[in-house]
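Before we start, here is the structure in question, set down as structure tokens.
Just so it is clear, A, B, C and D label the chains in written order, and each chain counts residues from 1 on its own.
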Amino acid sequence: MPKSLAWMIGGDQGEGIDATGDVFGRVLSRLGYCIYGYRHFSSRIKGGHTNFTVRIAADRVLAPQANVEVLVALTQETIDRNGHLLLSGAPLLADSQLKPVLPDGCEARLVEIPLTQIAREVGAAVVRNMVAVGGSAALFGLPLDAFEAYAREKFERKGETVALQNVEALRRGHAFIEELGLRGRFSLPAPRPRERYLMTGNDSLALGTLAAGCRIMAAYPITPATDIMENLAGLFPRFGGAVCQMEDELAAITLVIGANYAGARAMTATSGPGFSLMQEGIGLASMAEIPAVVVDTQRVGPSTGMPTKNEQSDLLAAVFGGHGEGQRIVIAPGTAVQAFEDGFEAFNLADRYQCPVIVLSDLALAQWLQSVENLPLGGHAIDRGAIVAQEELDRLTGEFERYRLTEDGISPRALPGMPKGQFLATGVEHASSGKVSEAPQNRISQMEKRSRKLDALRARAGAIETSRMDHAEVAIVCFGSIVGAVDEAVELLRQEGVRAGRVQVRQLWPMPDIPLATALGGAAKVLVAEQNATGEMRQLMRIAGLEDDRYRSLVHFDGTLLTPGRVVAAVQELSVKEGV
Amino acid sequence: METVTLQDYKTSEKSWWCPGCGDFGVLAALQKTLVKLGIPPHRVAIVAGIGCSGKMGNYINSYNIHVVHGRTLPSALGVKLANRDLLVIAAGGDGDGFAIGMNHFVHAVRRNIGVKYIVMDNHIYGLTKGQNSPTSDHGQKVKAAPFGNVESPVRPLSLALTAGATYVAQGFSSNQAQLARLIEGAIAHPGFAFVNVLSPCVTYNKVNTYDFYKQMLHDLDEDPDYQPDSRGGAIAAVLEREELVTGLIYHDPGSVAYEDALPGFAEQPLAGRDITLGQEDFLELLASYR
Amino acid sequence: MPKSLAWMIGGDQGEGIDATGDVFGRVLSRLGYCIYGYRHFSSRIKGGHTNFTVRIAADRVLAPQANVEVLVALTQETIDRNGHLLLSGAPLLADSQLKPVLPDGCEARLVEIPLTQIAREVGAAVVRNMVAVGGSAALFGLPLDAFEAYAREKFERKGETVALQNVEALRRGHAFIEELGLRGRFSLPAPRPRERYLMTGNDSLALGTLAAGCRIMAAYPITPATDIMENLAGLFPRFGGAVCQMEDELAAITLVIGANYAGARAMTATSGPGFSLMQEGIGLASMAEIPAVVVDTQRVGPSTGMPTKNEQSDLLAAVFGGHGEGQRIVIAPGTAVQAFEDGFEAFNLADRYQCPVIVLSDLALAQWLQSVENLPLGGHAIDRGAIVAQEELDRLTGEFERYRLTEDGISPRALPGMPKGQFLATGVEHASSGKVSEAPQNRISQMEKRSRKLDALRARAGAIETSRMDHAEVAIVCFGSIVGAVDEAVELLRQEGVRAGRVQVRQLWPMPDIPLATALGGAAKVLVAEQNATGEMRQLMRIAGLEDDRYRSLVHFDGTLLTPGRVVAAVQELSVKEGV
Amino acid sequence: METVTLQDYKTSEKSWWCPGCGDFGVLAALQKTLVKLGIPPHRVAIVAGIGCSGKMGNYINSYNIHVVHGRTLPSALGVKLANRDLLVIAAGGDGDGFAIGMNHFVHAVRRNIGVKYIVMDNHIYGLTKGQNSPTSDHGQKVKAAPFGNVESPVRPLSLALTAGATYVAQGFSSNQAQLARLIEGAIAHPGFAFVNVLSPCVTYNKVNTYDFYKQMLHDLDEDPDYQPDSRGGAIAAVLEREELVTGLIYHDPGSVAYEDALPGFAEQPLAGRDITLGQEDFLELLASYR
């Protein structure tokens, strides 16, 4: 486990808490640290408590830390809610104006700092948070000039005065802490500078889709997926594409189907409620064999649930949610790098298998900042799948046979505009010509053809990713953003002498039973960890025959981020109770 | 202009509607117009809804996509955006368009998407065997409303006008010449063109019959007092006659299609463009995340 | 197996084929026979081939017969398509006007009968089919007066002339066959007269919901569910209720939720495409704990599929279709009697467990006529579940606690209009008061409470129904309408010495693993028979731990009705290959 | 009339909108009106949509159901049909009502359901942090449309009028007295009453601000030339002023609510009725299947 430190700032929503966290994290990133920045927030615009934590380490961290080293409190509520996260004696920087009081049992060291007052003196109440950032920089013994440079860069376009006020705020905060003799109270590990980006999964996923050649995005806003639309709305026009904000998700998914049918790469992104609405449309794409990429950025369900909290509970709906039996591919990235890869790969899969591809993201992956070191554009090639050649159409004497029965089930398609390629694409059962057919034998052939397409995927390279699995006694199987917590737990367990390993399932459907069985073959215990209540991946594994008396579940469904500690405890419980 | 014949637009499938169904007339008028304009079949994409009317596309040898009930217009927008060189025609019924699809109708209108929308409005759900549709008359008795329709009908023409439509016309499936002319006008119009066609369902609708329309319809095209150039005037005219009119009702010559208004949108079809992202562009984008 | 005979009439759609079949079946029913009447049809209004088969027996029959004894052909297409269903020498009554030709290999006896000509002579071309009915009555040696009486009753309101023309048509057809010496060509088993109704599952289900006190039905038309709406549209106004034909299924399900929230019993009915659209709404009912009854009358999927063909492929969507993890009860009737029971019981379950109840019907059950002997209203009692008493509300000092944590998870609800019972019902996660809460511990408590509600259902009496299971070596597990074919197969197998038995799963979710494990305990082989491609019930059984090396699947997905013969063959194959 | 006080309508939860949000004004006007009319809280059911506006119900101590986004009106119809003695108020935002919920809006209007519909129209999606809504101005720049809105706004008032609405009013959340009056009129109206409220989003909408409205709005209630009794006149009036009006726009005194038009529909609330089916009725129904 990387040695890491965590810094938290808390206050009311709408008071720039996240912007401040972003500044702190970004400067640290430039200084050479790996960052994981996450927020606690509510489905409310202004008011209500929020906090932002920046976890700082020399190596990759992708999970929350149980405690924090420093807490900056802008409201008394922050102190009451988060004070207990500080270890005894750790500094709690609170705005003096609050007349802050530590709650019972909180052993932090209260450091009153006149944030508001200094800000007023500097000339702008809004720079209050920058005073705190300056103070925090001092606590960690960080060079102030990096912060100043960033502030100048960031506030430049708001004019000289604003930039200067921010710089001054940083300095005053820094000086205040220095005067208290708290400079360098925490020492960070040595930085490991390299080209590094601080981004969310929504950011990298959007880039991945752009790189894959997606040029049409249709969506209806919904937390936590909206950023994808907002990112692409800034990008696509530059590359000739368009983002269409639709009237609802029914329109979004069917626009995407129309666009893919006509040969563009098009996608939509949504979260649970919108995803439920798309089920009928997704079925059309399966039946008419039209590629379609759907990102479902999961949040807590069912129904509206907790829109600002994390969960991975749309998996079964992604696989089984539509009426009837249609083909779907479901993939789930766990890190920002993987979100880029899957944003790209989803389009290749969709074109190659001519069916909907669902990218299951989740709120934590989508919204929390992480350091990204390796995001190569190379190594990803666009594969448009089977498209009939114009020459072949020209040679045709009869009709183009769009849904020809082929060995691998994949039939080359024609794109509208290609002479002699006209055909009917329909959600009604159809013959190989595309024309409607209700003949029993045709039904069987077409169903088998469509289902055959995905057979090979059960063994797809990249469907699972393992880490530390050689000679592992305990295998922890997971998907999505919790891979960060699991990896950290594996290191902790290894330190304690438990031979743990991790298997991340990146392709959830078709379930890669073949590589999974191999990977799990040597483990004495298999813990299937998921952020949901019913163990959805475990259920899919059972269906795929991956079940015996070694399997156990760890489910986590209170909406908070899964911590490495919780995973460690679950494995320890296994060991104690069942003696691994 | 290539030479295109009616034969080019025929498929091996015969139209499967009931004998006498109004939709035959709509199919004929559409095919005739496409031939007249010399548009080759591979440049036409028909996006059809679910219903008797939605089978339209099955009988035309163009590119066809037969979608899910009610989603005709957003699917058509997708097709248009992917390949703006195509003539994209959306076709469906009054249920498809004004019941389950009403949301998309209003929004397609206000976006002014470059799609031609032909509704075969028979004031009934044909394919599901005769339930009242949103355009069915108040009081109409059907099995699902044995005591009569308690709802008042929606008025597609005035709704479209209020929602900001730039081309609104109404045809009658028996009046081929007019209908073909209206469709031709729709095809020439940049932006969303709405052609509502009164297309009798001879099997389930015993009220809105051919005879009924022959008696009731007022032809605005022939009305020397009517000018289709004022939105307010058009609304007033159709309101007054309870939408029992045919002809070109409104036309905005300054219409700009959605795809033309989109910032930075490619002028060539997306479907044919090189979609690889350059390494330089990529690095530049990445840099913003430092 | 009951000795049975089958009569088929075929012609173009829109030519009264089904009405004619209905007449023939209904008179036979009145004569004391058990009937199963089923149709082949397309998603097309007029034109296109259709045929209607009436299977006749002394005892219950609920499945198609492989052959038919008599075929009445109104078009040459009927002869070409269905001639092979006749055994050698069996009569094929064809309208002489067709100049009918038997297809190659058809060994039927062609009986030309001038149907159209006789009808014209009688004075009305439309009575053509009645001539055929008269002739058919003669073939089976049936008393013509029963047909005449029925025709008089049926056509009475169309006036004396019409009634007389129909009677005359019957007579002339009868005389024609008699003259050919074919009267009594087939002898039916002795009738077993008793009070008996000929109805479809849609008919009886509608009655069941009325009997349960449902008074609001909201729906959007869709085959094969529309009859339920149409039936209730005729019934509800008489009992103060209303049927609302909505603008789409999203409106239908949410209307139902609003109405149930406010204390009425309300339902919707749809088929696959509409069911997919309802997934979001169903999740709201789960989360806000509002009863809601949803009938999904399955047809062939995915997407539009084959709207007039039978399939049971919405099961996984019924269980898992919504985003997030909400409670749902899924029940599936297999016969018209069970459809009545489930139409009734669904409301009790919904009110008792305060959650959505999905009644999974299917096209065959919904649309085909069957004889019903036992449909007692008694024995079913309305249970509205836990509703708080007004006195209790009056005694309250604080707020009413709608979502109180209780041992069984069920919290009494207040109905709008009750003084002091005001509360917030929301799809957002909420505290026991109903107010929105994002507290992690509250989330866990409420999730557990909701999930606890359904625990007892795993062992519910009536969740499964067994037949011939004592000492059965082979257990055939099934659900829905195919229970008729399975039962007939069991009898055939028993006649051949195979000790087969049948287990019908009537409650699919929660999966009744406890009674199922017991019922299947003694079987050497378990064949899970389903009318879908992927073995959906089998997958649910696996999740529930009902899987070992005795289990096999029989899947049938060409849209045709499953025949007893196909089931017998599957069991025989098991025996041969695996030696049961 | 029982004595009802403002206190009766308060909940233990404080309203969570941003300081200055227009929705506070709507909440206040509604509560005041309910108190003025002396309607006890347990006789009121509020059906709220999803959005900042949709939290309305959370702050009123009535029966509340907070549904899924866009389905406010059908849910409200369900509540009304189950218990027609309740005052059923649907409340939501412009996204909830005119984007995802537009279909239900048009159909609720033409059915004339006995529900009062209050839309807090801030021309923006508030809760999802500031995307354009269907009523956002053409050209409005937001993060999701950085080059400006390419769509033209829908016009809720004229749409409602065209769709057949029987009570149409527009309020401004700052004008409490008028708003309360309009809500009171809506409650008194039999059938569907639509009150659109211009309710500024101070956080995300920098165009349609309080000042903007103070300058632009024309009060029809104060306009001696305006009579809210003609549909055609109302459409023309709002069209002319691009809907920047307040007051009672149209009112049909002959309105018959859907629930009153339904054949055989019980006059007493269904929720309280005996629902057992008599044995005789049952046998009679069965007999039709012989």
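Operating definition for what follows: contacts are C-beta pairs under 8 Å (C-beta built on N, C-alpha and C of every residue); 3 or more make two chains touch, one makes a residue touch a chain.
Not measured: the values here are computed from a predicted model.
Of all chains, the one whose Cα centroid sits at the greatest distance from that of subunit B is A.
For the pairs B-C and A-B, the larger set of C-beta contacts lies at A-B.
Subunit A and subunit D, compared by their mean Cα positions, are separated by 37 Å. If you average the Cα atoms of subunit A and of subunit B, the two centres end up 41 Å apart. With centres set at the average Cα position, the gap from subunit B to subunit D is 31 Å. The residues of subunit C that reach two or more other chains are 43, 237, 247-248, 250, 273, 280, 283-284, 288, 303-304, 426-428, listed in rising order.
For subunit B, residues that reach two or more other chains under the stated contact definition are 66, 68, 70, 99-100, 102-103, 106-107, 134, 147, 262-264. For subunit C in complex with subunit A, the touching residues are 42-43, 250, 271-273, 275-277, 279-280, 283-284, 286-288, 296, 298, 300-309, 311, 313-314, 316-317, 319-326, 426-429, 438, 440-441, 443-444, 447, 451, 532-534, 536, 539, 542-543, 547, 557-560.
Across the complex, subunit B is touched by residues 26, 29-30, 196-199, 203, 207, 210-216, 218, 235-242, 244, 246-248, 250-252, 254-266, 280-281, 283-284, 288, 372, 375, 377-378, 382, 399, 415-428, 435-436 of subunit A. In the complex of the two chains, the subunit B residues touching subunit D come out as 99-103, 106-107, 110-112, 134, 147-148, 150-155, 158-159, 161-164, 231-232, 235-236, 239, 258, 261-264. The touching residues of subunit C, counted against subunit B in their complex, run 14, 43-48, 220-223, 226, 229-230, 233-234, 237, 243, 245, 247-249, 273, 303-304. Touching subunit C in their complex are the following residues of subunit D: 12-13, 40-43, 45, 47, 57-58, 61-68, 70-71, 73-83, 85-86, 103-104, 106-107, 259, 262-266, 269-273, 275-277, 279, 281-282, 285-286, 289-290.
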